[in-house]
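One structure coming up, written as structure tokens, with questions to follow.
When the chains are written out, they are named A, B, C, D, E and F in that same order, and each has its own residue count from 1.
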Amino acid sequence: MKLGVLMSDFRTGSDVLDRLSAEKLGIIFVGNGIYHATVKEGGKTSPILEKSATYYVLTEDLESRGFTSANVDSRIKPVTYNDMVDLIFNEYEKFIWI
Amino acid sequence: MKLGVLMSDFRTGSDVLDRLSAEKLGIIFVGNGIYHATVKEGGKTSPILEKSATYYVLTEDLESRGFTSANVDSRIKPVTYNDMVDLIFNEYEKFIWI
Amino acid sequence: MGKLTIGCFASLVGSVSLDFTVKLAEAAVKKGHKVDLWVSGNATMLSKKGQRAFKDYSALQKTINGLLETGNFQMTACEACAEARGYHKEDTMEGCKRFSMDWYLASCFSADRVLHIGGD
Amino acid sequence: MGKLTIGCFASLVGSVSLDFTVKLAEAAVKKGHKVDLWVSGNATMLSKKGQRAFKDYSALQKTINGLLETGNFQMTACEACAEARGYHKEDTMEGCKRFSMDWYLASCFSADRVLHIGGD
Amino acid sequence: MATKRLCFVIRTLPYKIEGSRLAMTHAIASQTVEIYLEDGDLVEASVCFIADGVLNCLKNQAAMKHYGITSIEQHLKNSLLLDMKVMICKEDLEKFGISEDTIVKDAEDLGGETVAQIVPYSEIQKEMEAVDHLLFC
Amino acid sequence: MATKRLCFVIRTLPYKIEGSRLAMTHAIASQTVEIYLEDGDLVEASVCFIADGVLNCLKNQAAMKHYGITSIEQHLKNSLLLDMKVMICKEDLEKFGISEDTIVKDAEDLGGETVAQIVPYSEIQKEMEAVDHLLFC
């Protein structure tokens, strides 16, 4: 399946994400999920970034929390709400919110 | 200080609890906190039970979630709402909800 | 006998956090204590009148009415939180108050114990 | 052009999860898609009329009115969730609907994409 | 004439938030969805419990006794009574040390015949692939 | 004549839930509490940021631009403008690799003189011991 995961939290949900598999997997950090894309805890990037997936982060949520694209790990592509609509209709078929 | 901590969650808040110190510390598991008192994840009891504290668990929340006092770790004392009122007014002075 | 002030920010109707608050208040009042309950954030809705009792949602209105009748229990809703949710003064449950946030701090001033239920 | 059904269970007024939902719906409608929004749990309150705009709470009513006017957006509130919160039929925002939960499943039936925002 | 399949995946603990409760009530609402659909069209819902969500399946939840609210146990039985497909992740039960006899597996006491399936996660992954839409709670 | 001290301890992330926002607005409400009290009585509020809560203190939060809501940054500045005691946990900033120049430390641009104190956790523990009541958010 082509699965898009909207990761909206920082402290929970990784256990569920870890086990998910999909032929094509996209992980979009939104809401408090954006800390996975920006913060290095104890010097380490989030283990979520080690999956075989395409990563995105929602610019609006990034900026609302005091970050910019410059703070984002290079594996992750910043996207706007506008871009996200295209991801939803063109790139992935099923979506889940964690 | 004499501090009572109402631990209401299973997956978050341990980081905050870890660092708290008090001359007299009581930890009362309520709500989803009761899983700390009942569940062994991967065979291990919750690390929260390693603090130097007096432990309580709210019977009503235990039973609502399908457990009984028989499932509770021996370090923890089951209490009712009625008992909790006495803990609040007689045993501890400050309270926090995590 | 003491005074307990409980503040609830963001509990959910239909979650057990608000039930916890009300059951604790009930147990304290039964033992002769006084309880002030401040509901803010989503918990504000606890003070709205006309909540219909379903078996899937805790129906706390009856217990609260009983508590109000004792004279040892007050419930006050955060005015701004209520207005933001489209719940206006005339919709307030009988016997409940509506004030701005400073009311809660004043209640803490005279409380022997404070239990503040913050985030979710 | 496709149809997106978004369901929101337990988002909070004053949290950014509901804002997310509305902003995404807006972006999708602007691109010519159709969007159905189902609000249940605490998110139900999004469809209540008379919400006052504060700078501390996202004020989404205006955006929703704009979306409703396009004819490509529907918002439906969970009837039981609303009643449990003391929010009755006559308090529903103009243009919004109230149905039982099966409405949401029917909307999913004809949707190309479903985004379900479950727990908090 | 078409059937669309929805899978509710419950991954959160019961009671604190409404997620698992609303998942169950929405899934059960699939029984009445036809009034909105054309003749012959159907919506089929299945329910999977994974991660912390398996703790929703414990027997003897006294939520009605203590809080006056329907337990998730009761909703689970109702869904089995309606012959809904229910899957519970075996590995997660094992992780928590929960034995099969302490969870709700059937609604026999209500006259139901359908039983909950305790399956490896891989089976739940297959279900997720097979359905049309996923609803995580 | 008495002063009661309340300490709001913010431990949660901003925006997703209302916790940190309501903590700030309630703390600021200590400025007007006298109308309910007798002459000379006071409530003093302090605010401490620990654990994930320190992420509320970042500069340049564009919440108003994107969502039309006051940022937590703005609330923090307002509290400093009112000379409220604000403490931010040094170890937690370090854990997240947040440098001091990226967080709100003063409200100079608004004419404020009080600055936020970046302190070891042990100082926050002392504050928690010194106050009358703790309000964790």
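Assume contacts are C-beta pairs under 8 Å (C-beta built on N, C-alpha and C of every residue); 3 or more make two chains touch, one makes a residue touch a chain.
Fair warning: this is a prediction, and the values are worked out from it, not measured in the lab.
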Field: Where chain B and chain D overlap in contact partners, by chain label
entry: A, C, E, F
Message: Quick check for the class: compute each chain's Cα centroid; which one is farthest from the centroid of chain E?
response: F
Query: Of all the other chains, whose mean CA position lies farthest from chain B?
result: D
Message: With contacts counted as defined, which of the two, C-E or D-E, has more C-beta pairs across the interface?
response: D-E
Field: Inter-centroid spacing, chain F versus chain D (mean Cα positions, whole Å)
entry: 33
Query: What whole-Å value do you get for the distance between chain A and chain D if each is reduced to the mean of its CA atoms?
result: 24
Message: Just the number, please: Cα centre separation of chain E and chain F in whole Å.
response: 43
Message: By the touch rule stated above, which residues of chain F touch at least two different other chains?
response: 11, 15-18, 25, 67, 133-136
Task: For chain A, jot down the residues that touch at least 2 other chains.
output: 8, 11, 31, 60-61, 64, 94-97
Query: Do you know which chain C residues sit against two or more other chains?
result: 10, 12, 14, 16-17, 23, 41-42, 56-57, 113-114, 116, 118, 120
- prompt: What is the shape of the graph in which nodes denote protein chains and edges denote touching chain pairs (line, ring, star, complete, other)?
  reply: other
Statement: Checked against the stated definition, the touching pairs are A-B, A-D, A-E, A-F, B-C, B-E, B-F, C-D, C-E, C-F, D-E, D-F
- prompt: Along chain F, where are the residues that touch chain C in the complex?
  reply: 4, 6, 11-12, 17-20, 22-23, 25-26, 29-33, 35-37, 41, 43, 45, 132-137
Task: Give every residue of chain B touching chain F within the complex, in rising order.
output: 1, 3, 13, 15-16, 19-21, 94-98
Query: Which residues of chain F touch chain D in the complex?
result: 15-18, 21, 25, 67-70
- prompt: Which residues of chain B touch chain E in the complex?
  reply: 8-11, 31-32, 35, 39-43, 60-61, 63-68
- line: Per the touch rule above, chain E residues touching chain A in the complex are 9, 11, 50-51, 121, 125, 128-129, 133-136
